[in-house]
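Take a look at the following structure, please.
We call the chains A, B, C, D, E and F, going by the order they appear; numbering starts again at 1 in every chain.
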């Protein structure tokens, strides 16, 4: 099997196809141009610089292009980079950027089956109806969008994988606490981040859309629930609908994180904690994956810039 | 003209009709019951205690009852109170609680005319249409609800008067700053607190409704804009509608005050500042009205518990 | 079966044995004495006042005494209280205070069996050895102490029940995240609050001991791990011991909550989150148990003074 | 009319006279020197780099020199810059730096007339006397100093323009609130930032003077009021003077922004809010002027690093 | 020697002259009046209640009256109080309130001699001149005013004693740090709180004067330095005067504590720390004086509500 | 005597032996390598860059090497740097890095004598015994370790010098406050930072050890006290030992600075303040040493990024 970007050791030569994830043209201090590149394949990302870039290079090596990269993996200021020997654009037939981006650790088909099954197990008809309706409207986007622009689950399918991971936590935790209505918890968990399919631009070169900034994904999914009620002839002011709206509106937990209201029911508090739990464990796992045992990771922005220790194997 | 509650001097006898705004039954330390009362008329509120309340008194003197009150105005721990001599329930024909509550300093008719005129002057058709539609749906409530449960404009018609005061500020400030779109500013100002007609229970004995707590008036008015678009066949994702939604969603200014998004357009920032300006000047005015020149007011909860100095007349 | 304190409806007469949990002698404003009482049985607590308490009453009705209470359950300022008719001290043979305090919802025997089983399943010998040693030293206290003076699990056996609840969460969550070492997580979870057996005075009339305030339970359990190593001839500076010490030292999560270090390994972060999850779900459950459907609970001090909504049954 | 710096499109050639606002000599990474330049004319500022700067260039192209600049406007990392073709120092007769800096949007003469008129309309003689005295002492500086080193109104005349803008707000808002003494509000507004004429070094290459840092402009203007009283034989402890001093001492609003006391009279609270309103609307207007419709501005440091959306024209 | 208030044990009878420090008339819940009293003598304060106060008692037992008090010292809710048997106003000839208030632990004469000596040792003539001038103007007030209304040194002479204690710290610490100018440190220390003689009303029944609130003692002493310069024909903008002004302006250390500028010279930082050190050690000493060994004190408001442990004697 | 690094003026030639404190290999933007160097001798540090570094240079000029440096001192962006002419590694016999690092201003012998004397003067036997034991165990490290990795006392012997400076403050302050137990204060002061000998790696190229991060020096010294008790057969739960442990556990003062408990005895509060006093005066002194009179220092990270004014000599 072909070796991937992260499989090479420091100072090892490589000659593999990769995707240019971003290509930033900059002025060198001698007046020439260079390109600051980020390469990616399914194993992860690595940076490089193409010095003295001529007019041709500036046109060819652009974001989204698949290239054959020959060079050497080096370590620079404790971080890996590629020293480029040669780079050429692959023919049109091999321009399949989607083959070179990280993916969720489960197949989309599996995630879809799991979600379908979970929805079908919601007993309460109003919640199940709304969840089905909204998933119907966003089915494709839900399984391709990232969960965020950066930080965690920032890859194609990340939204679905983050949601599914949270559903699994919810299914295991809810039975331990009698006061928790599992139907409500699962319905809220499934929907809580769906507004991101409208807040963000999509799985590639993800940006916030202006409407995303101005309204925010929290309010966007609330709006969709209200509109689903209109379509399904449900009373949007009923207790059941109000509770579900409260779940999504309060899932950021604290006002200062953009929740217009704080959690006021036990299921909403739990949803918020499950969200934090999956996010933080995922960020730490990612940080440790790039850290050798016995050493500390880079600072993790999403966790108050803490560094985490990759402990040595314990016999 | 009849003297009102606040017209009496310390130690002056009074014998006037008043409304019982609240009546709280408590245990005296000798085992008897007493009633902690708040009386109100259009001049304001004052507290009293009815000691050794018998079964009859407990039944008669309840919240919302109009009584003939005879007693003496006293000062107790720097705050006015009434020492009750006698109190009797007025006959059914004189039970008009609405005649005994503070009112906006302008008539409802004048406020209505002003609002109607202001709406008609909005040039931009999408905004004018939405504002008209929503005012149509809530016309009566808008002019009777308070703007809040406590703090400021907490009286019948307070919502309309606070909104109108803000519109007047907006009309005077907007022309000084070329970048401000006055139509957008006025539309947002008119709508920003309309969700309170659903968040609160009404003008008397105002409480938050559970749905009010769980969703919040900020999201409630946003929801109404979206539903107005559906009714008016307007594209709720157009730039014009998105901007108007942003106005109401961000008007609390800071995330920690319950805005799901912070102001990101100049009109939204100005709306937030106008809201704060009218609220704080009104709270200080109220506090100074109860304070003699040369002295400090009670602490004002809504202004970081500051006390304000009622300065002496300056020649 | 005998009805318990919380089984009586408002205005219902009761005549049952209860424990005086606290008895505070105070001056009535007429110069007499009264006793502010808190009664408890296994169903919970309720307050009362004994007016005009004579010398005899002051001597008889003291904290820790079991009395036969006859009176009426009332509601006063939205909170339940007892209006006392008569009260007499039960004979010595019926003075069994331990029968009148809330208990963990599982028997001590079951909790002990569960803990024993969990410890035996820890594979890593250093951690298992230390956990066994410390549990050996505190076996009895661990199963009788409360987890706190107030807030949550503040009853006999509360420390064990809180710990066991957290172990169950840990066992269900750990398998979902490959990077988590379950042995380390379980060892840290079992030990994390053990210092409370020295910080607090015991299950009844719980107070902080001066040494508890001056050192704190976080450092106290760390100290016990170091001393266990000395006894077991283990190197207290080994990676395994350092990691376990880090688990308990960081379990408060944030420096401002008294953790001398923040979590720096994935298991420590997860331990902190599991602790918060069980604590907050337990506090909400307690608050909702005293709240009718459709209403809001009292403010919950340990959750930023939030009130929680007891939602109505959803068909 | 000559095109100005901001009139050129990306990639358009230019050949115009500009002022060197700053010239910073740096080491290139090949060991040579380069000059990091900021050019300015009345339309605004733009940066450039002069590579491989020889001894002659280092001597010629210094801060404060007017040069003829030939080059091309480019966009680099989303920000405009000039690629320099050629640059020469203009002859002595054309060295008029003052012609190349941004100016207030009104002439100094107009601002002076407005201020003179406003002062003459203050009815209260003590306040008018003090304001006249202090303006007499700082007349020239007041109309040439900037309002700040950076952020907003950071240009020659900025102090006067900011003050005049605030006076206009004050004149429009005060009549809406009966409790506000307009004379006091206007007097405080006119004086509030006058201490900046001593805190800062002047309109060009503005710095804080050491005395400015050690005492601060808030205390400096207070000191001037006290000294004016001495000169005018006014009692500096009278109610009128104390109130005016309080206006300037509290105008930063919050202790953490350097106000030694918080606003305690209604006029002081309003002055603070008017100051914030003009400052923030001015900063947003500046940010939007550099932003295309449909896009977000750079982050605005003085407004919590928020970015603002330049909305598209609404039909 | 006569026993004083704090010398009596719980349940011990007393019959001594004391000063009524405050007398607050309140409504008992049976409709009668009672007086909440604070008695004081030089040993400290203790509270009491006079129940069923008749018209005569209300007139006689007022703030500032010296009475012969007969009663019993009790403990109520962990705090000492007096149960009054009898109380009578002492004859005019024995009405010497000043004999019954706490005093500084050193005589005024000693404090005055120390201050005089300290001033004379300042070498730098500008600072010595200003200090002499201001002390000359406030000599009597400086040695009679308290340092604060509550918290610490809140007694007659407290301002002088706090200042002298700080001077002693300054004299011992300055020689250890070569960079510190001791003359500047001592001058700033002597003057830093002098503004309190104008901010507060005086040693008895101390209140903030309105001017004190509106200007604040920090700015008041700065103003006095400027006026002293005018009188002494010193340049108030010289380096020496600016530094001394900076000392007093910054001595609260943090903007949020009301310093208009933060310390920017080493002497100012040290002055702030010495102020905190004497204040906090004095507050803890006071709290421990009311606490038995082996127990915790009441919460100390001025130290973040911490409680302090009075440790047992260590052999 | 040989001139040292800090003795040279801007643009003066130098040719002196120095130690390479750090050598960081980086990519120049023309593709070559350069070395970012920090040179040090006992007078302080200064940076430089070696451009176009060949393979030989990369091998020779590494951290910890003593070189003969010939070049010129320059000023670059307001900070000094060296322009390198030539650099060569000194022969093995002259490789004495310890001769080129800053030292405490007192000799180690003097510091040792002072510490020995101080310990011997502690009267209380338990505290003296523990202090003696722990100093015995860490004698050498205590006098060679730095007090920190950066900020202040970050040099060989810094830990001892910081501790000794604090002891001197303690000895001068304690006699002024009767409630302070000087033995306890001195014992706590001597021990408080001893855990740094295990938290840090040592005097050269100081780093935090993983165990140092995971446990922290505050808990490490507490652990040593407990272990000392075991060795000395002292009861680690006695009042005396508990107080000493509390001293070291609380010396960071605030929970958010990593103290597991806040100071609860007067000696602990004073220890915390003495620590802050010596640290801040030392940091300001260092900053002023690099600043000319009449100018402001660089920002001091450890003091909230404040800049300090080096005031001019006052006649």
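Note that in this section contacts are C-beta pairs under 8 Å (C-beta built on N, C-alpha and C of every residue); 3 or more make two chains touch, one makes a residue touch a chain.
Predicted model only: the values in this text are computed from it and were never measured.
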A-F or B-D - the one linked by more C-beta pairs in contact:
B-D
Please report how many Å separate the Cα centroid of chain B from that of chain F, as a whole number.
60
Rounded to the nearest whole Å, what is the centre-to-centre distance of chain B and chain C, using the mean of the C-alpha atoms as each centre?
44
Could you please state the distance in Å, as a whole number, between where the Cα atoms of chain E are centred and where those of chain F are centred?
40
Which positions in chain A are in touch with at least two other chains?
29-30, 210, 213-214, 243, 264-265, 296, 309
If two chains touch, include that pair; go through all of them.
A-B, A-C, A-D, A-F, B-C, B-D, B-E, C-E, C-F, D-E, D-F, E-F
Interface with chain D, chain E side, in the complex: residues 210-211, 213-216, 218-219, 222-223, 226-227, 230, 237, 242-243, 245-246, 249, 255-261, 264-265
Chain B residues within the chain D interface of the complex
124, 126, 165, 168-169, 172-173, 176-181, 183-184, 239-240, 243, 262-266, 269-270, 273, 276-277, 280-281, 284-285, 288, 296, 303-304, 306-309, 311-312, 314-315
Interface residues, chain A side, partner chain D - complex
24, 26-27, 29-31, 210, 213-214
Could you please specify the touching residues of chain A with respect to chain F in the complex?
28-30, 34, 49, 51-52, 76-77, 294, 296, 309
